[in-house]
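Below is one structure. I have some questions about it.
Order of writing sets the chain letters: A, B, C and D. Residues in each chain are counted from 1.
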């Protein structure tokens, strides 16, 4: 199977009739995603690319079982749209939009947590399990198989997942946590699900410098039975933007490339030096 | 968006946080006038977005208005850590009996605001021992409650009126943080002067993503190099000059970092970090490529994994530039993803044979750069 | 504290909720002036705290300023459901194309604010069928989000600009509710007039416990009887006249209700409900007893289970009154709890043998009342 | 044993040095309550009636195990004091104060729920289990024994509990839910605990007209194995204050004396006509 969603999952798209929504609806349908409802205020009762439209999420949820929602909503309205999905009881919510104000983001992710919803994103390519893609990534990179992938950045994930697919190693699920300051989900949450998923045989973790998500993940990896291969971007990056002294005080000694490699290695994960090394290390583990 | 000290203090005053008497001015003459208004010894502070102004000579004291004018004249026009000083803040000089540190920012790991405070404020706050720093994560729905502010005051050893003043300030900082969409509200030092605490400095960073709903905050343009300005105008997500000889464009922060890392691991020196972002279209991408060339590198390396970014757009942008200015240095292109067939076809027409994999492409770019430099 | 219609509408206007053009006045002359300002047919509405003003004749229409003056003159000084009309609201008469109902109040069972709305507003909202009423409980930390307001609009069948106007109003009502410490913000009817929705009435109830922090809301004194005013001044928690011949004082709402219930079950008729509350001391309690006597009952029944209320305070209050005015009717006292020995001693001195149990005391009071009436 | 607290419970008093706080501290101590800490801003480090003082709840909780808190705090500051106890992890919090603004009350009780704290009150006499009284009720009314009592009103509870004590029937715990619009706890929560408490053999429910708390309780009483005796005040009460139409719409058909008696009787509870009948009905059940 996979984590969070699978071929049977029923999906709702919020903002389905916009340019982005329409384009990615078609891509998702081509991937096999069962898009059963779309939300487009003022267009309720209509049909868009074969999908029935509703004015509000409440209405869509009243008429359909909804296992997951994908939001193609402009940043200023994302808080409202995400809360609408959360309060309506949707349990997997993918927020693709970037540039959501961070104070809105905190409300979205903390409310999701309170209500038991898994928020993927904001500012993410989304996630895919076989036959169920929720997001904007190119379909061709993916194939079904035994590897779970969880990542902080997008195109780098396509790069690495594509290289796995190219040599015939498929994926159970690929999840993009998103590049914002307050992502809805963490490496640890996803690693736990991969650890519990019987079809996942090995996990790829794609991280980067900054923050302490990889250090946190390392603590959990110590307890995992499945092999983890990591790649971290930013080894050569110049010092990033700093936010006064406060950022430095929070991150004390965390967030560096070296620190993350050390933590992951100590936890038993293999850290690839080049992106393309990931597939070789995974191949080793799957032998 | 970082705000100047004087802007932060103007907001502090609006939210009821005590600040020294004073005003921002643009000329030595106005500095003298403000010093007269204050009628006490003053401090003249350069208004630039970098820290460590004191060490760089950007802060001077003046006992009289005449001295203030001289000090202002000296500071205006000087350069502090690469930033030209165009504005100065003239303020009353505080009687400093102690320096505290207090900031509210966002702790991404906790997905929550965090208050950070210390009894040992001042210049070297980052070097303070862990036990001298008090951190409290807030709940975004509950905000900062009075009891938390009082507990913070107690934990940095304040009593009586100082504790009350501190608790009041930190609550107002939180209110300001939320209402102004700030990522950081920092006071360092928060000065103890007699029976009160006063914000002697301000650091205020507004969330760029929320500027659209913070219309009353004047836009502060961070000092950029010419090249960075061009990149900004071309719609490039992020551009940083690094000084090497391989100009690099990729799409997405992660893959751009990985591209730089790979080039460096193969022994190459990236000229820049350029995350072209997604969906800038043909013209934006063409401009971005012209910026790469403007750096006069030995090689241009374009690494695209098309998602939102369409390969044909990038290919057409490359073709457009090449038709305009030729290929003054070798172009190495790696291209896969959305609309890749069309992209590869367009590239072939202008004589570029694109790579499918990143590693060999990076290797080739490094080889060409070395050859070009030899 | 209930606010007059015009007060609620003044707050509506401040929060951006559309209201009809108009103003509160105190005289027919001013009513005429306002009608001139409005320059259109007007409605003249009595400002009293009870509902059903229309049925009682407290609302009149006027096509001209002269008619407005006449109508105002008729309404001013009339009595609507026992309330004397001292203020009137003169407003433009709306073109009414539909009447909605919307209110936000607090659902005690849910411990949360609740929005209640209906497409069938107007006079008979309480009689509407359950399926015509939409109720949504809010989360106190999340408040009323825009999507909820839009969903409410949809569920009562609004579309386009009406839906937008409604969603906007309900969000502003919630903001007002929180900022003004309201227990109830109600608009009935919310009138559909052309492309917009307008608050044709207002009901606003401010939480009495929060009045201390709502200094900008003028105090509205609910019309009270003379006796109720006296009770209020004596610091009595709650006093309601009931018309029977057994004057009753107890401490605590529950035990007071239970005392009334018991008296009635034994065939007696309570003269009043009086919850003396706790900690009013000797003088306050003495005044409360005088109010009991002022009702000219056949028996006074005092039932005290001392907790915060001290038995000796109540006994001393009784003694004080008896010394002052004697015992014009029989006093039946039941007294146990805090400091009961001292209380019983004081009572004995003035000739009262107190009961220890409530039931026999209540029985005795009923017997005496019947005897006294016979 | 008892519910929520017992003879071993360690208690903190917030607002311990005020007139009310001091008086009831002594009464509680006389009852047997282990008051281990008091909070009084600015007086930290001192001792009051043998109890160590702290400036903040955080400090008190750092220095003592705190099982329960009692607040003697003026209404305008109760929200802050209650949140301080909740956020410090105190699990039983008694808020005696009346006239707390209802918007503050909603924040207190909902936050308590989120954090797993049982809030007793506001506007309550408190609660007592044998040797542990948290509140303001007269000590003499109580005695140890097999009856659980839960009530909405104060003096009426003293009346009924006193009448039980007078004939030798003691109580496991007596809980006052408080008389405010948004009480922190419900009949149902307390009934569940009494049902689970092995020492409680019968339960007394003291309700009144208005609201739907008794109706809610009736639903749960249906499932209980232990006998419940109820008394409801307000049979003869004149119609209470009404809040516009909204109150009437919320309460449709609920809240009347007759409705409540019907619901409780149908659920198998015995409803006493007079307060003093409660003891007789309980005596029947304990035979």
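One rule holds for everything that comes next: a contact is a pair of C-beta atoms (placed from the backbone, for glycine too) under 8 Å apart; a residue touches a chain by one contact, two chains touch by 3 or more.
Predicted, not measured: the structure shown is a model, and the values here were computed from it.
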Chain pair with the higher count of C-beta pairs in contact (B-D, C-D): C-D
Chain whose Cα centroid lies at the greatest distance from that of chain A: C
Length of the line joining the C-alpha centres of chain B and chain D, rounded to whole Å: 54
Centre distance in Å when chain A and chain D are each reduced to the mean of their C-alpha atoms: 47
Distance from the mean Cα position of chain D to that of chain C, given in whole angstrom: 27
Overlap residues in chain C, where contacts from two or more other chains coincide: 141-142
Residue numbers of chain D (touch at least two other chains): 111
Chain contact topology (line, ring, star, complete or other): other
Interchain contacts (touch definition) - all pairs: A-B, A-C, B-C, B-D, C-D
Chain C residues within the chain B interface of the complex: 141-142
Chain D partner contacts - residues on chain C that touch it in the complex: 101, 103-109, 111-114, 116, 125-126, 130, 133, 135, 139-141, 178, 181, 183-184, 186, 188, 203, 205, 207-210, 212-213, 240, 242, 250-255, 257-258, 260-265, 270, 273, 305-308, 336-338, 357-359
Of all residues in chain A, those that touch chain B in their complex: 75-76, 99-104, 106-107, 109-111, 113, 125, 136-138, 140-141, 151-159, 162-163, 179, 181-183, 206, 208-209, 211-213, 216, 231, 233-238, 243-250, 252, 273-276
Complex interface listing, chain A residues touching chain C: 41-42, 44, 55-59, 80-81, 83-84, 87, 111
In the complex with chain A, residue positions of chain C that touch it: 142, 145-148, 150-151, 154, 159-160
